[in-house]
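Below: one structure in structure tokens.
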Amino acid sequence: MSSVNQDKQPKKDTKFRGWLRTIDSLKVMKWVVYLFFFLFLVLPLVSVFLVSFTGQPVNLLGSLVNPDIMATNIERLSNASFEHYSLLLGGTYFSALQNSLALAIGVSILVILMCIPLAYAFARTTMPYKKTLAALCTIPLIVPTFISAAGFIIMFGRTGWVNTMYQSLGFDGVLIDAYSMTSIVLIQVFFFFPFALWPMVAAFKIADISLEEASNNMGAKNWSTMVFITFPLAIPGIISAALLIFTVSFSDFGTPIILAPDGLNLIVVEAYREISGFFNWAGASILTIVMVAVAAIFFWLQRYVTKNMDYGTLSGKPKGTKLNDSKIVTRSLLVFTILVLVLPMSAIFSVLLQSFATTWGTGLLPRGFTMDHYATVFTRSGDNILNSILLAGGALIISVIVATLVSYFVVRENTSKLDFMSSIPLIVPGIALGIAYIQTFNTAPLQLTGTAFLLIVAYAVRRMPYMIRSTMGTMMAIKSDIEEAAVNLGASKLVAIITVVGPLMLPGIAAGSILVFVTVIKETSITVLMAPSDWAPMSLMVFQNLLRGEVYTASAMAMLIIVLVIILQTAANKITKNSLY
Amino acid sequence: GGNGDEGNEGGGSVSVYSPETPEMTEELAQAFEEETGITVNVSYAGTNNLVNQMIAEMDNPQADVWYGGGGILPFESAIEHGFIEPYTPEAVSDWDVYENDIKVRHEDWMWTGVEVFVLGLVYNTELVDEDELPETWDDLLDERWENELQMPNPAASGTATLLVLSQLMEKGEDEGWEYFDQLYEQMNAMPDSGGAPSQATGTGEAEMGVGFDFMAYQMQERGETVDFHVPENTPILVNPVSLVENGPNPENGQKFIDFMLSEQGQEIKADWKHIPMDPNVESQSPLTLDELQDSAMDLDIDWVVDNYDDVRNQWRERYQ
Amino acid sequence: MGSVQVKNLVKKYDKAIALKGVDLDIKEGEFYALLGPSGCGKTTTMRCIAGFETPTSGEILIGDKVVNNVPANRRNCGMVFQSYALFPHYNVFENVAYSLTIRDLYSGSLGQRIKTFGRLMSKRLGKPTKEIEKKVQDALDYVELGHLADRGVNELSGGQQQRVALARALVMEPSVLLMDEPLSNLDKKLRNTMRTTIRKIQQDLKITTIFVTHDQEEAMSMADHVAVMRDGEIVQMATPTELYSNPKDPFVADFVGSSNIYKGQVLKKNEKGNTVVKITDEIVLESETHTDKSEVEVLVRPEGIEIIREASTPKTENVVEAKVKVSTYLGPTIRYDIELDGMDVMVEEEFQPNTALYKEGDIIKVHLPSERVLLI
Amino acid sequence: MGSVQVKNLVKKYDKAIALKGVDLDIKEGEFYALLGPSGCGKTTTMRCIAGFETPTSGEILIGDKVVNNVPANRRNCGMVFQSYALFPHYNVFENVAYSLTIRDLYSGSLGQRIKTFGRLMSKRLGKPTKEIEKKVQDALDYVELGHLADRGVNELSGGQQQRVALARALVMEPSVLLMDEPLSNLDKKLRNTMRTTIRKIQQDLKITTIFVTHDQEEAMSMADHVAVMRDGEIVQMATPTELYSNPKDPFVADFVGSSNIYKGQVLKKNEKGNTVVKITDEIVLESETHTDKSEVEVLVRPEGIEIIREASTPKTENVVEAKVKVSTYLGPTIRYDIELDGMDVMVEEEFQPNTALYKEGDIIKVHLPSERVLLI
């Protein structure tokens, strides 16, 4: 809106004004976005990179203003060496990388296959109980990884109730070995699928119905139309979602660490061990760099594949939407959806039971039931609930604004740099990012460590990729003529984006918001490092309870988070009028 | 967080980073506040988080005192990173480096022990009879325990690395690794977190797990059916406190450390089932320093510190 | 098998009633044009026939079979969409080949089907069969787009896209062909060619065709029958000539060609058997139309009015004086808006290079031949 | 300030050159029609002027100012998109009100701006001002859509959508108005009304207007000047009359009206000063056109050919015998495709209800008046 003010001021200082006139509001926003990423992403990441040589903190901003810090930093840098890179030559890291890739690719494929029917069901059919199921399908997201893995163990552990029942049916051994790669895959698939589901729902949502009609008209049965028209048009969204799952699985260490199968060897676990167990910053940085490189390759692949898929199906000749109401289709999708939900819901149910348990030993059921844990939670953490909402809300606002702009720049102006840059945080382990933040913003000129603001920014940066992934798919479906019309009618590009592109992206934004909000609410790795004590959110309490071995209180807290998110989500749906399902 | 709030009526404030039970540190803090009028801000998080945070804050430290970390290993590595500084508390200035075969302070007073931790076995009393309990660490190889044990993963946890180091030191490299080849087969899982095996024992996922004494006793108090068993010749360590280098309130920090080592401070620890350093304070734990004397391993801490990374890497090479 | 019958078709939307009871009876192989003002329900009617809208009530029969419950893909109705509806992920060739490839997918051996499936997923997974190649190329050549077969559909101009949509529907040789303004974005030349092409294919294959157009000339020149719609209802169905010379009401008359329409009073029949109608006190006209009414609508088409120049033989009956208000040049013709005893009248005259044009304010004499004066 | 100049505009795409050097010079307040076959680059030219495409080379001036680097929203060019480009999330009223609301957003007090912003985000967040309400309602009434103001744009018929697009561009009273086939989906009646409306608004506000159409009649009747494009180049720019009577080449001649074009050899000038041209051995015609060439293109428009019936006075010069091949009824006129010494010729005759129609195979006599025979 800079143009507004300029137009009103008296016309003097023409040279400067002339220069000003060449800037449109969108350009300004672009600079703001770049500045944001530079400060809160590039700078911390560069320090991560430097740390891989020094093994010690590097404070770049501080060095600029404080000669002392400059001196220490220079000294640290002068001791820099490639020594730590020899880590990479060891066989374990290479096999860790292989394992991680196999796991992440496998999980992505499974999740995508599972989500295609689900997404179709939510976006394009009149499946019964859609709203309830939609709410249930977001719950797995809300559950902190530690809790979901714990829930899984309550079910499938050696003394877990599923196995107890299994054995009482006369079988030997266990149904699924809880401490195995199989169960890691299962947990990741069934608890991470909403990451892909909602962006994919958005992608299906925005399709042009008349194309499907045309296909049917030319003799294609419904399934062929699905396979050859609906599905390919949603591919940009699907690939985007697959990438999301890939990175989430690739960088998840909660599940593997809790389940801890024999010979567990994943790159993110290694990075986590280096930094958490042994404070080997250099090693962790190097592994982080490797992970970022891997992510880069996959991003490049994604862009390469979707390069020519700027289909722009949402055109300026608007058409209504129509939902598939074939009984066979909706019924079978209903059954499928329920099947998908069985595992996560039982795990959550187990956590629920645990939250009411006095203690739960080897028996099928807890030894006794009590409300004490909830009482503890409520007396101890009333404030934490509010903190969580405020922090997550703040992060959400930042990510909506930045993600909308980034998607726009990426799709319309082909700035893939931004796309890649903004997606790096997906891969960087939370603890590495948190540490990078602390060292970067620990001193003047930008002393932000310990403020709620920095925590919000960190949340936003870390979770924004979810938003970007899901808005990007929608953005690609919006034909540029609509936006051109807005500009033609006098709106600056920025205003056109806010008033026309933004609302059309609502399905994508809604999908992304769920992901961002929920994952911020449960975020722990950054929270633990950065949350100021008077801003401690619920997730921190869950984590601390776990740390103290107070699993029952942690479960109660986790249930509380779940309930809270469901309430908020319902409210949000009311307000946005269900733009998603 | 944890930046010292300036301008309190008393003597200002002190910022303490501690991974120990917050209720306990809170109690310590309150007692200290009453005594001195200095406000205490306790930041609670896992040891690794706190250490990483302190490393990251090195250019502008926010903490004054760091207390606790499941033994001395994190403190030793902190010396390497250089974010703690020496301080000799008045009350214990007469301590030798080793007391009763236990290293109780750093040679240069970089850290000072405030309580004693014992590495041993946490077991589920519903699943394990008392007379079955292994006498020695070697007895763990008995087929009774096949797939019933858990220990933390030495590739991640200091607690477990301690066990590995102690056995290697005891048995020598070759025999030591042979022992672990077999022990590895006995485990049903090796979680990364030091406390996880104890938790698993509580729920019956494992019958017995490797852990520290206080873990078992605290769980016991919550009503879990677990108990702690000390095998022969086991590593016994102190849990230290240190002054953070260039902290915002160094004098208050020193006062807080003094307080921790005072009788009053030691009593609070004893109440929380930690074994106190001060022989005048009665231990509330079933274990006492005197009894432990026999089980204590002759642990060469310097050797441990020197071989730490090496052993961990070897473990990784062997078992992953 | 390709006849189409629509019985009392009603379609209600939330906010509007689009069709209020449409009846159509189209014989096999007939070419029907659907004509009517914007928003009168043409597209909706088509969409109901094709199976994209569920009628609120009414029956649709294709070849004697009620198809209300037959899904769209089994109706074998080719359709050219008003919005083109080209598949953006396929190129021009693939778009046109789609229906043929889909057909292959549902027949043949498993191996062939798998191959066809692959081809539908990506052109890199297989070559189209010779037969498809030929048919598609022919269809594209028909619409003069043979050279753009490999172009992405997003890289075409509006008219080119429309022609792809047309080729795509023609290539499937449907039993009923529905076309929703398939030529609206083409220039006149191309449109003429396309008309001939469509008409030829339609005749060759005897495809029952329903053609929506907003262009009465197009409707007249192509169709066997024309149905004129208004406000969700069919007003008149007739052959083009009949429609033009015997419109059922002023709306139709006006719609199928621009007209001057006035209210008139029937005075008497004169000696020649012509009806004498009074429009204003000054203007009394004779018409050859026979009527029993006493109040009628008098209709004179602009090109039915003759401007009498000096050279012409004087005619007495139905000759009136008028004042030129506007003259508009239309290429082959000139249109004069003239004032005739206070009434606005449109006159169209063929353009002759060496005839002087009248200007605003000129007073001219016009003749309204009795055989061109219609009474409705 | 509203003149438009385009100098040597070139636009290359990856796979095609859309514009090969277009020059236009449009005075303020002029109404220019852009005419040309599908795919010739009309839309691309418009998009370059409006600022949506960056020209590969060339300059664009609006009101003496080079605007190549001026962003689209500052050019004040209203545009009616070929694809309508309606905002699907706004209703009809909001679509049309958009430009006015945006204007409000850029002026007024902060409080008002916030209100306006709210209104843009959701209609629940505020009422439009009286002034906007009135202007929008007027614009909608102009395009006969006043009653649909509250309808969602996806609940409109194609023609209704197009009219919303038109109203949306008109309401902003731009200094340059670009219209890309704004009437293509309307029926003739409505189109005539719209033409008058557009023309009236254009005249009232003196808006420089560029109008793309595929309909030469539309171009002829509305425009002050017509530019004919082919293959990314302007072929001829002229007033409608000039274009029709003095086409620069056969392409233009053919494009602005259907034509019979043949190659001919100039034989001599005869006593009347007419040029005598030989087309075939049998057919030798006289033309009033003066020419210096010896090889020419001979052009006779279908309506320039007269069919000689018994009653007519016999004319000797330029009278030939021919055979009727097809007769097509076009409403006001009849078209005969006839064969004339092996050549295909189109003849158009006014339809007279009581004149017999010729049928296939009939032998007729036609007269090609020398003043209607053009030599190019």
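Letters A, B, C and D mark the chains in the order given here, with residues in each chain numbered from 1 onward.
What we mean here is this: a residue touches a chain if its C-beta (ideal position, glycine included) is under 8 Å from a C-beta of that chain, and two chains touch if they have at least 3 such contacts.
All values derive from a computational prediction rather than experimental measurement.
Ranking A-B and A-D by contacting C-beta pairs places A-B first.
In terms of their C-alpha centroids, the spacing between chain A and chain B amounts to 35 Å. Chain D has its Cα centroid 53 Å from the Cα centroid of chain A. The centroid of the Cα atoms in chain A and the matching centroid in chain C are 54 Å apart.
With centres taken as mean Cα positions, chain C sits 90 Å from chain B. Residue positions 315, 317, 319 of chain A each touch two or more of the other chains.
Shared interface positions of chain C, i.e. residues touching 2 or more other chains, are given as 83. In chain B, no residue touches two or more other chains. Pairwise chain contacts present here: A-B, A-C, A-D, C-D [touch as defined].
Put simply, chain A touches chain B in their complex at residues 56-57, 59, 62, 69, 72, 90-92, 95-96, 153-154, 157-159, 179, 257-265, 269, 272-273, 275-279, 281, 358-362, 367, 431, 435, 438-439, 442-443, 447, 449-450, 528-529, 531-535, 544, 547-551. Note for the complex: chain C touches chain D at residues 13-16, 35-39, 42-44, 82-83, 151, 155-160, 162-163, 180-181, 184-192, 214-217, 220-221, 240-241, 244-245, 254-258, 301-303, 328-333, 335, 348, 350-354, 371-372. Residue ranges of chain C in contact with chain A, taken from their complex: 50-52, 71-73, 75-79, 81, 83, 85-89, 98-99, 102-103, 105-106, 120-121, 152, 154, 168-169, 172. Contact residues of chain A toward chain D in the complex are 1, 3-4, 7-8, 22, 24, 314-320, 479, 481-482, 484-493, 495-496, 498-500, 503-504.
Chain A meets chain C in the complex at residues 208, 210-211, 213-222, 224-225, 227-229, 232-233, 235, 308-313, 315, 317, 319.
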